[in-house]
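Got a structure for you, questions after.
Every chain is named by a letter (A, B, C and D) in the order it is written, and numbering of its residues begins at 1.
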């Protein structure tokens, strides 16, 4: 398995906070982080390619296509925010192993850029619709867990967080960094802008970031529509296998 | 996982276009590329062995057998065509990882031989039979995508292309080469010579290749019959497991 | 795949017996070894991290979380016991390969600390409830197998022991060490403190350890309750996938 | 993934023929090769351990247990036979990759000992019972395929041979050695001593080996009984999972 990190530029940052949100069930973290990237004019400074991503290219509206990747963005500080690194991407890796290896590499790169604190944003799925989603959380130290509670985060005391949004925090702790995961309560049935918003409200208070959340709802709608399109294509493509001795180009959008 | 590329000979080629078609659902690309190999008297110049291919040997009509492999062919230019490299083979790799690693290696080898442009030929599966199959496409640059459109290719603007026929293009882009994928519209229910023909017509216009397409239909018939034989053997062999503590020689043709 | 062993301290031990119990069906060995760690005031001296553990963090009652890991403990000798090493952890590795690689590494580390004998404690599942669970066993030499029999262990003469609790013994033998596996008879339907107790009674006789078994039953109750909580969260979380092109943060407790 | 070959002794052999039979569906090849080992007083000269074998130990009638392994045996020539190497073992590897890697290593070791010709013995499963099982075959060269036909082997002309019994021949060919696979016709429903016998009759004619086949039938009966025991234990053990967040000690005989 290969992990290739391409550094596009080396920003001069001062102890940047690393904020991660990889696509997962609920899509809460990914939506929140995409919003941060857009609202804070984050600049891509690194790309992560890996043979552990689904083996496919993604076709974009302009007709071009490229490999799946993750991207590391930088945001420079001003009066309304500290220095930030933001990590997100098209996909989580396929294999369990790669969750660890990509997390190790990303935390290393961020640490070299001065990062001492890592957040992951994710979903807390309940199956029920709520008007005012809570934000659940866990941290890598008792002190940090208490600080989260003071800001209104509901302390978790059991369970697991699976995938990159968990492993990134665990790796941060193993390397001596501080980390926390913020999980927006959501039904799990829709792309839930309110859950992402709740997470971002807490995060902006924790980090003293001023953030415009107005566009978040429309972004949720777009995201849902994109995902439905992909799903429809997927289902259409799975209706018609041709019997064959060789391995098919498996599970394409609507192609092979 | 191992990937072993055996160079059989080093041809002197001038910026050869690399054309790839690995077996996938629809078999459109594989059929088209097999036709190119045969009609252009392509010469095998390299073999790709990998522990990621299905662990089996293929038995040939003369009674001999050998490991599954992919093959790189060369075609030298004359008045009716430019220099070409053609890449195809018995199988796509089994593991997601290997899709990336073999694609990386093959694009590297081609790049060392002067390749700057990579095509993959594949299927665009719709589930419906059409009289005049369209050719869909995507490219690694906006300019190239527009050139495809001018030649009659339907521009794709969403979805994914999975497997080697996607990853080869993505890897080409990552390495700074230009690439495009041409996808012949097909139902997915038969080996569809008309879809392969439609792809080859576009390709021959793009590359100014003169190509005789007369034998394509009979090749499709042969291919379908071979594939059906393999499927029948497969189903027969799966009827009769013996209970056993060890792993069976899994999924043989009709053998173990 | 990575295996990282962190040595926290190097104890001075005299031919310590290595006792292993990884979580497995029945939970007999894990429960027994957890009891040893607690009753003998075992000190953690090493941690095993691996990309082959489930890719997740575990959330603890104090609100903090960390990566899954295995732990090596040391117990120093006194009148009522010899020097011991104890190996257990949150999880067995996911992949078959990792069972071998972690076992190799752990036996090596123990061997460097002077270990010549390895025990694994595990479950012998029958599907039936019994009042007085037997202890079954196998060893790496005929002499050791006979010694087990003399202590009341029922000699096994066929079958396999799968996972770390088997492979650790097999690796010990391959490296020239002596090993034995003790398997407590259990229905497999509950966390069975009596089966763990039966195994510990035999072990304490074999190793001349004085052991208080009073707390074992309450520990079994706690364990069962923890496991049920995890299962409920798991089931709840699996009810509500959102259709999506990317891989979900798979199988979280109640989170992603 | 690791492959460890332990050379126990280096025999002085003269171009030994390598004969392989790994356990597979039908058990024809394994039974035949076990018979060779026993009748020719073959001496174990090498052991193959691999992290790609099922992660378990096998318990033997004397109460001892050890890791799964493959074994290379040597037979020295006399008037009634040439020098031979025989390769068999407890299991085929789990992963596709390992089929290739173990085959590469074993053929290399044999080649270093002088081997130029490799046979694999396997099953040709038909689902029907026959009185006089045929022997099917394929070879790595046209000449060798014809020689097989002259000895009464039915020439195969299509299909695949999956697993070690195929890959070993394919690897031999890739390395410039000669190879053939002999497949005994069998229903696939029983351990079929007659199929193994048919294969051994052909093999002994091809290699001018004098072979006593009298014990083969009783060996088949024993083998079947062992396998049934393993299966029963397996089924019993699969009835009773305990819900749990960790990976169980999976699929034990009747143990964990």
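Operating definition for what follows: a contact is a pair of C-beta atoms (placed from the backbone, for glycine too) under 8 Å apart; a residue touches a chain by one contact, two chains touch by 3 or more.
Because the structure is a prediction, the values reported are computed rather than measured.
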| item | value |
| --- | --- |
| Relative orientation of copies chain A and chain B, as a Cα rotation angle in degrees, nearest 5 | 90 |
| Same vs different contact residues, chain A with chain C, by half of numbers used | different |
| Of all other chains, the one whose Cα centre sits farthest from chain A | D |
| Cα-centroid distance, chain C relative to chain D, in whole angstrom | 35 |
| Length of the line joining the C-alpha centres of chain A and chain D, rounded to whole Å | 49 |
| Sequence positions of chain A contacting 2 or more other chains | 54, 94, 160, 230, 245, 253 |
| Touch-based graph of the chains, sorted into line, ring, star, complete or other | ring |
| Those chain pairs that satisfy the touch definition | A-B, A-C, B-D, C-D |
| Residue numbers on chain C that touch chain A, as the complex places them | 1-2, 49-67, 94-95, 226, 229-230, 233, 236-237, 239-256 |
| Contacting residues of chain A [partner chain C, same complex] | 22-27, 54, 90-94, 96-101, 122-127, 136-142, 145-146, 148-149, 155-167, 169-171, 173-174, 181, 183, 187-191, 227-228, 230-231, 234, 253 |
